[in-house]
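Going by the order they are written in, the chains are A, B, C, D and E; count residues from 1 in each one.
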Amino acid sequence: MSDQDLQALWLTARLAATVTALLLLIGTPVAWWLARTGSRWKGPVSAVVALPLVLPPSVLGFYLLLAMGPEGLVGRLTQALGLGLLPFSFGGLVVASVFYSLPFMVQPLQSAFEAIGERPLEVAATLRASPLDAFFSVAVPMAAPGFLTASVLTFAHTVGEFGVVLMIGGNLPGATRVASVQIYDHVESLAYPQAHRLAAVLLVFSFTVLLAVYAWRPAARREA
Amino acid sequence: MSDQDLQALWLTARLAATVTALLLLIGTPVAWWLARTGSRWKGPVSAVVALPLVLPPSVLGFYLLLAMGPEGLVGRLTQALGLGLLPFSFGGLVVASVFYSLPFMVQPLQSAFEAIGERPLEVAATLRASPLDAFFSVAVPMAAPGFLTASVLTFAHTVGEFGVVLMIGGNLPGATRVASVQIYDHVESLAYPQAHRLAAVLLVFSFTVLLAVYAWRPAARREA
Amino acid sequence: EKITIAAAADLKFAMDDVVTAFRQTNPGDEVEVVYGSSGKFFAQIQNAAPYDLFFSADIGYARELAKAGLAASEVRPYAVGRLVLWSASLDARGMTLASLADPRITRIAIANPRHAPYGQRAEEALRAAGVWAQVEPKLVYGENIAQTAQFVQTGNAQVGLIALALALSPELSARGGHALVPERLHQPLEQGFIITRRAAGSALARRFADFSASPPARAVMDRYGFVLPAGAAGR
Amino acid sequence: MRDIEARFQLERPGFTLDVDLRLPGRGVSALFGVSGSGKTTLLRCIAGLERAARGRLVVDGEVWQDGSRWRPTHQRPIGYVFQEASLFPHLSVQANLRYGLRRSPGASDTPLTQAIELLGIGHLLARRPAQLSGGERQRVAIARALAVSPRVLLMDEPLSALDLRRRQEVLPYLDRLHDELAMPLLYVSHAPDEVARLADHLVVLEQGRVQAQGPLRETLSRLDLPIRLGEDASAIVDARVTEIDAAWHLVRVDFDGGHLWARDPGLVLGQRVRVRVLARDVSLALAPGTSSIQNVLPGVVDAVGDDEHPGLALVRVRVGDALLLSRLTRRSAAALQVAPGQALWVQVKSVALLE
Amino acid sequence: MRDIEARFQLERPGFTLDVDLRLPGRGVSALFGVSGSGKTTLLRCIAGLERAARGRLVVDGEVWQDGSRWRPTHQRPIGYVFQEASLFPHLSVQANLRYGLRRSPGASDTPLTQAIELLGIGHLLARRPAQLSGGERQRVAIARALAVSPRVLLMDEPLSALDLRRRQEVLPYLDRLHDELAMPLLYVSHAPDEVARLADHLVVLEQGRVQAQGPLRETLSRLDLPIRLGEDASAIVDARVTEIDAAWHLVRVDFDGGHLWARDPGLVLGQRVRVRVLARDVSLALAPGTSSIQNVLPGVVDAVGDDEHPGLALVRVRVGDALLLSRLTRRSAAALQVAPGQALWVQVKSVALLE
């Protein structure tokens, strides 16, 4: 495997890890709110969260490119803030992927939170746990399988991301040329053996990680 | 909007619906088995099911193209069965998408089944329900939110599918030119207004569907 | 110094060799090449993509960018592409466009005529040869010319209309022969490049632009079947 | 042979179930034992919910489990009331009740209709389980188990969340039920009065093993066992109604050793009844006195045993053919010089007619 | 004012809670009522788990709820034992027990250590809740609620899954607990013996409304109420230990109206005790006889009332300052010509010393 391949793999891992971490921070409160609110905004917010799903990645990438470009709304904002432009940078990929993978984090988490029900949180409250405390000490551990599913889906989905990255990444080695793009490049260059090799590495690596994750997977907890 | 655009939208809807229906059939037993087995194959099978996630769609598409081509294993099989070759056909897209979207069906369903626990099924058995009967009359309705999440993720993911379709679709109007490809084509042809229009239609349509689905969403059931 | 070049997919092998040649004479410089479809590069450059030179498969894209003020140089033609019939499973050497009507040929790959220059020319040629009506139902469309070649190479399409440059590449020439499509059957595949606005101050970009018109580069291009457009020599 | 033959071994970390039971094919068998003694586990084995249990189970001549044979739960004609109500949260009360009924070919609506009325849950049919109180949930669970017209009824503390009055309404119903349907009922309970009232057969479990089993009457009059029943040690006497005193709402029941007056639960002349006499209600005297105690019978001391409490003694007195238990302080026993063979008067403050 | 003042209105489909209670700031208040009468709902209101409830709640002078003021559950110093054990399924027994303790600044380990020992759950600490029996779960839930050293303890039928022996061990402990900690205990129970044993104050709920409330002694000796207690109608007498008969394991307790002998639960001389005398254990006689009944006291009939059963009467007899209840057949009452003002002998077969 070439240095470029290794670089692409490493970039992919960094991107997926960053996006998963950010989405755990962003998606968890959203999922929690959706799971427990009775607000009439619940439906619309759910739909908005799910929207990135139905947008084809290349289309999403195109519109993100327009939005984050020098004439786009986001682009003007980031420029005004002195952040420069997001497309064609690692930061841009992260922002786009967070947006793109949001539903993969939120939906499984929401289901997991809903499955907990009210009672454990009521019990926690009677045992002096503030809502925040109960969230971390009861809801989060009880939703552990959901967190696992959500994180695996998010991480994997980011690793497998292609259309968005191709559009707003610009295929820059070390910054935006992730493994999926690199393999695609190999394929487009008709360099099949190289493509096979990198794909195999990605596959074996992913399989190993998944196997480890599932071996450690917390058993679903039954009511007590 | 042109006829071609409408045709692409219709094709997309058909593809997503077919894939979701098939995956409900295929993914449900897999998820059920994973949720309840104590077998040591559970980890490996979970990992295999999750694998399509980490494969970039274009890469997956490329290997499906190889596998389903005249020299590939699948291709030889389909030819021997008199089915011809799968690439560049609606059937091929369906097969590829089923493979590609499998984890989106299986993982939320598995979480939902796990959250049910043993007790309701034990109760059902004492009330004369065979395992199959209990599955349909207890597990499925109790996992309803999970089915919804899984179906929405699967449907949406298929609508948004691009890389795989691009690789094995061949862009044939009415057979494999789905909306995502059509929008991309507009973009590539610099026909931005057409791209915007189709993307907007797709967006509004999807949002409406999602909103309807979430409005109807069964409230998560609490323990009783 | 460092530059990034966006190049059309048909240039893949030729440009790699040009860059190798350039590096030999300019060892201290870094040159990255990104290949893709011209339409996508166009959209990206409009949105400030960090490409210093853009080698388009259709000179039209380059002209559009120049018109929009996104070029730091005039539009320079650098090659005229050629279409060939190529197959991995059949012997394409004796084929003509008329052979495509043969019912034993069920799948024919061309690039998407809507946005890929090679696709547009392929359609023109098929029409001009009078076989469009018979051939059209058998067509499958690649997103760009490289993907079109892939369809053929994997055997999913028996024949494809691809770039001569690709058919001459080591990967494809080993698998099957090709037959040139007569130039008169379609508009010329005139290809052009620009230095983008962001590279206005880059000496390296200018040097590479100049190098690409230099004899060593031309030799490489010739090897891949790219003829120099009439009147472009010496610029 | 309509008996239930149940032999099970089940290993769990820190607990082993190892029982060999023969339960009568009709009537109520009470499962008694402290928390954690394996009562629930035993019921689960019988229901076929513990696949890991080895052993043999024959019900009514049919082998439900033996070596490799294994009849799955849904093919065992049982009714099971779980220790926690365990209603289906996704179904209304009505749908919960009909769930098993719909799956029991040939079962009639009648038991369910009766149960709904008797358990007072008619007004709850449209609700979801989450909208019920604890006792309401338990009542729905009982009705649901009865609706399938089971051939064996397994009940794990079904009345624990019910108030006294409701319990007193449900008990005679269960009583009648197992009688009419000639269906054996396995009943886990911590309430000795429930056991004494309902049970024909008693199984005492301790740490997963059978400590005692046998017909209730016999088991109850064993002086080494009643201690487990504490305040509720009692004897059972079979008798017949011979007089009804309508004015005072009393009935007289005769048995071999004499007669007893009891309040009238609405009996008819000549009816056979089961009389429960609590040991704590029986005092001994050397002569019959004049007190509000109406039932004074001559008897002969049969045996003197220990009570749970060191200050108390349990005395078994033969009254005619019947054996009564009396619980008194050891000091009183000494003062009266109670010893086997001694003749004395038995004062019975009150008795309960169970049927 | 260390009282609890609780006024709540809560509307539910088909049910309305509307109560106005004043509960003593120490001792046990028992909540009594049939299934569905609103007991759980009331406890939930007090715990702050029903945000929809309007009303006013003042505990120990602190306003927990009033109009717009609302103290959230986790800031109310309560201990709550839910009707279903509701252990955290993801935590071990040990972690369940320490959950609240860790969040109660200044709370000591002692209550938990004591509770673990007394409830016999020490060997279960490493288990998961799913691996416990029903009674074991309930015991863990009780210990968990006690561990937070609450200032008010709310218990919703905490002993319903416990066997008699365990219950008899836990009851004195709860007794001592609320005594030592001077902490009010609100206790929902269906078991009259528990209520009679523990409670100082009784609240009877019916269809969401308070039907009766008052001190236990007073409420119990009301002749119109004991019927709710059925077999367990009883009177409470305060007494002091005056003699210990070690040989016979008996103690003598004196009260204003005389003395009673009871079995010795391990008391010390001079100790104050609460004596529970069940109406069913009290018979009346015109003359003291020689029977195994040790406790015979002179008394005067105070009132004659109705029992639940038409054949029975409840007679209230004044013995010194104390009021005892006797339950006898109307026929006996007639035979003895029982009437207010009549002097007679009260035979008490057995009494329970509650402390």
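One rule holds in what follows: a residue touches a chain if its C-beta (ideal position, glycine included) is under 8 Å from a C-beta of that chain, and two chains touch if they have at least 3 such contacts.
Bear in mind that the values here come from a model prediction, so they are computed numbers and not experimental data.
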item	value
Chains touching both chain A and chain E	none
Chain labels contacting chain A and also chain C	B
Chain separated most widely from chain B, comparing mean CA positions	E
Between B-C and B-D, the pair joined by more C-beta contacts	B-D
Intercentroid distance (Cα basis), chain D paired with chain C, Å	92
Centroid distance [mean C-alpha coordinates] between chain B and chain A, Å	19
Gap in Å, rounded to a whole number, between the CA centres of chain D and chain B	56
Distance from chain C to chain B - Cα centre to Cα centre, in angstrom	36
Multi-chain contact residues (two or more partners), chain C	40, 43, 147, 150
Contacts with 2+ other chains: residues of chain D	none
Residues of chain B whose C-beta touches two or more other chains	62, 119, 184, 187, 222-223
Every chain pair in contact, whichever chains are involved	A-B, A-C, A-E, B-C, B-D, D-E
Residue ranges of chain C touching chain A (in the complex, touch as defined)	4, 9, 12-13, 32, 34-36, 40, 43-44, 46-51, 144, 146-147, 149-150, 153, 166, 169, 171-172
Complex contacts: residues of chain D adjacent to chain B	47-49, 72-74, 78-80, 82, 85-91, 99-100, 103-104, 128-130, 132, 137, 144-145, 148
In the complex with chain A, residue positions of chain B that touch it	35, 42-44, 46-48, 50-51, 53-60, 62-63, 103-104, 107-108, 110-112, 114-115, 117-119, 145-146, 149, 152-153, 156-157, 159-163, 179-181, 183-184, 187, 195, 199, 202-203, 206-207, 210-211, 214-215, 217, 220, 222-223
Chain E - residues contacting chain D, complex	12-14, 33-36, 39-41, 83-84, 123, 131, 133-136, 139, 156-157, 160-168, 190, 192, 228-231, 245, 248-250, 261, 263-264, 280-281, 283-287, 289-294, 309-312, 326-336, 345, 347, 349-350
Sites on chain B touched by chain D in the complex	119-120, 122-131, 133-134, 137-138, 141-142, 144, 221-224
